[in-house]
Amino acid sequence: MLRLPGAGPRTPGHLISAADLSRDEAVLILDTAEEMARVADRPIKKLPTLRGRTVVNLFFEDSTRTRISFEAAAKRLSADVINFSAKGSSVSKGESLKDTALTLEAMGADAVVIRHGASGAPYRLATSGWIDGVVVNAGDGTHEHPTQALLDAFTLRRRLVGADAGIGRDLDGRRVTIVGDVLHSRVARSNVLLLHTLGAHVTVVAPPTLVPIGVERWPCEVSYDLDRVLPESDAVMMLRVQRERMNAAFFPTEREYSRRYGLNGERMGRMPGKSIVMHPGPMNRGMEITAEVADSDRCTAVEQVANGVSIRMAVLYLLLGGNEPAVTHSRLNAEENK
Amino acid sequence: MSKILIRGARVLGGEAQDVLIDGETIAQVGTGLPADGATTVIEAEGRILLPGLVDLHTHLREPGREDSETVLTGTKAAAVGGFTAVHAMANTFPVADTAGVVEQVWRLGKESGYCDVQPVGAVTVGLEGKHLAELGAMHDSAAAVRVFSDDGKCVDDAVIMRRALEYVKAFDGVIAQHAQEPRLTEGAQMNEGIVSAELGLGGWPAVAEESIIARDVLLAAHVGSRVHICHLSTAGSVELVRWAKSKGWNVTAEVTPHHLLLTDELVRSYNPVYKVNPPLRTEADVRALREALADGTIDCVATDHAPHPHEDKDCEWAAAAMGMVGLETALSVVQETMVETGLLDWAGVADRMSFRPARIGRLDGHGRPVSAGEPANLTLVDPAYRGAVDPAGFASRSRNTPYEGRELPGRVTHTFLRGRATVVDGNLA
Amino acid sequence: MDTSDTSETGRIGETGRTEGAGEAARPVLEAPDIARALTRIAHEIVERAKGADDVVLLGIPTRGVFLARRLAGKLAEITGRSIPVGSLDITMYRDDLRLRPARALARTDIPGDGVDGRLVVLVDDVLFSGRTIRAALDALGDIGRPRAVQLAVLVDRGHRELPIRADYVGKNLPTSLRETVKVQLAEEDGRDTVLLGLKQPAASGER
């Protein structure tokens, strides 16, 4: 026996990894988000559901987009929102995560939405016993970003299946291609896991330097050839590629990268008729995506932002709305009809 | 002078015999030795008597990091683990790169009295890898340093490594290399492979270790020196050492207990207690390391005992310090992984944990046979004991063990340092 | 997981209405009774709303929605005009959210012209504590400002915990708190009936 027992990654009652979600839980989140999306069309875009609950946005990394998305979601559910920006050079040692957590606990945080530069920090927060509240991973290092994957899945379902027709359904058989810096991308990791869980067929495309060693165990295919994969893609998700990677010799030049792996109008033209182009943002126009593609009707980048609020409302509601969470929880089906 | 009679112990796991200790030496080994005249009689039926264990790789942290360990607490932990000699690594503050620092450590060891402390000298000044430290002065000091290592850092410059290997030939020294190609391990957090790909932690590839080992065994052969490879952790490293030995080159290697037992699957918990350098590897690596230790390709077990204060582990993975304490659990882990699997008998354990490490370190008075006239450095083990590891009971100042709560076999009941009991009935004397 | 099951959410203070009807459950209304009750309610709505020109029917999921649609059909027969009908999910407005696990949401579907200035008739299957209707009024308030709100229910079983009453009642059914009332409708359950049963003792440990 080589392993210690009990070292699994499951974290009931929190949302840490897309891998923790079963197919039914993921569909429940998408269905709930669909109802949340309709609230945005009402004159009063607010629900009383989380009144009296405190949600802390604990951001150790700058990410205005993700933070305001969570903030809007929590506020639409009437939760009190505290934004805690812990970014800064003073926060380099780990004690600060623990001490910050203890502070939030003392303040009575019901949920902590955490963005952290270190992979595993949300898992650590959820399992360390430092806090009692619900932990939602808003992106950790190069590990995962599960709510991004959920909003991507939501966008895919709306576009490829239909907003109403999609209720209760997954992404069975849809072909999704994820292109770019898979190695450093938490978005890619979460999407591969979640989209696979939802029945989609996922292919990641990147230069070999930007595909992690060990990818062979991921539930997806790997290709180095974008042009071969494009005609068979119902959706192409372009990942942001940081120019700094060039300096670490992951690829020779920006120009070469975008020639081989960037999406331009000509390449988009070879995608199937109703297929879509996705981007988690912020986009590097001219790098992984041309302006022509980014501004086309097929690009869902803006829609993804709107969907992000609905998904995060759904996640917060399902984790915080009851006396116990309804997702990442094995007792989901029990006692529901009372 | 006190006389101690150990009655009915299985010497090196063989037939039950009596061993009489008179003063600092073993007076008699045989059956039916009379108890009269002995000041203490230890009924040791069912227990294993081993030569005192020797650790080639211990971090005692003093001077500089007395918050995690001191020479005194570290040697106490060593005694509890059955060790009678430890090699204190050089990465202290200040670095043990001068005769002054190694003599200080050596003197602190003398004062502790629980375990002999043989200081290891740094290869390069400040472990910076740029200029050779005064290796000769450290050898000529009271500490009589014979093992040199920049452990914690790799001597990655090929020329510096070559010069060091050549230079220590003058006094039969050995360079103990921490094999880690620095560029390949920038930002490394764990073994690079299936688990790191999932967890999104920076990869520490096996090739970063193996490429340095390959270079260094070739260098050692070229200049006719001996080289010792610290904490081998991969199957590929085993192959390289096996190949070098088959050439007749003067290469020795060690493996840590944790690399014999634990795999990178544990990192899924993101619990920094499993963060160590070199990192925990795969099951296939663990298997290869066990086999290599059994067939002698790997010469010895070395603990890489690396104490860290609680706050350096009670944090997120990336911010945590690397290393595990190991002195107090080493023999139990070896029993579990090597003896109970049938890979090694107790004579083999004596060889890998006492005879060979003492020989590599050119340590006098340790790693000697259990026979009349030899120094009475002895360890008595109860192999039938089973118990959960409880860090609260550690003699070490630090608690960063990966085995907390885990049941491990075997317990050191007595340790004798030159005839004086440092551990009695499992407790410090 | 059958998602239709989880969307069949329980209601405030009405434990045992859809579940827990023991073997002793007996029908108190059959399909023709239900049809007759709905017809009568439709006529009452037309009468009270003076032609039902501005009526919007909002059913409370799940079974209230089916009842609202049936009522809309009957109103269309009577008035010759199509009556706007929708659904109003009250889950997010419940006052007992924290007593149980978070539950799946049902659809809120407001007819195109909205509810502002209209006469909204809320439709539900059973009126019990009144807490569901309290939540529905809150939900409605966030959607618009109706001219007036009325309530139609198939069964009123009594035991109100709030000052709420129904404007249209299919059947008043005096019950004890130990009894359960279960409405079954063809659209959801395959048949139309109302069952009266006895609560199973300590079925779930909740409450």
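Each chain carries a letter (A, B and C) given by its place in the written order, and its residues are counted from 1.
The rule is simple: a contact is a pair of C-beta atoms (placed from the backbone, for glycine too) under 8 Å apart; a residue touches a chain by one contact, two chains touch by 3 or more.
Bear in mind the structure is a predicted one, so any value in this text is a computation, not a measurement.
In terms of the stated touch criterion, the partners common to chain B and chain C are A, listed by label. Chain A has its Cα centroid nearest to the centroid of all protein Cα atoms in the structure.
Averaging C-alpha coordinates per chain and comparing to chain C, the farthest chain turns out to be B. Distance between chain B and chain C, defined via averaged C-alpha coordinates, is recorded as 75 Å.
Chain geometry summary: the mean Cα position of chain A and that of chain C are 38 Å apart. Each chain gets a centre from the mean of its Cα atoms; for chain A and chain B, those two points are 45 Å apart. Residues 1, 3-6, 8-10, 15-16, 18-20, 89, 92-93, 97-108, 138, 142-144, 203-204, 206 of chain C touch chain A in their complex. Chain B meets chain A in the complex at residues 189, 192-203, 205, 261-263, 265-266, 268-271, 283, 286, 311-312, 314-320, 402, 406.
On chain A, the positions that touch chain B within their shared complex are 2-4, 7-9, 19, 92-95, 97-98, 116-121, 123-124, 127-128, 140-144, 186, 189, 212-218.
Residues of chain A that touch chain C in their complex: 24, 27-28, 31-32, 35-36, 38, 42-44, 46-49, 77, 167-168, 317-326, 329, 331-333, 335-338.
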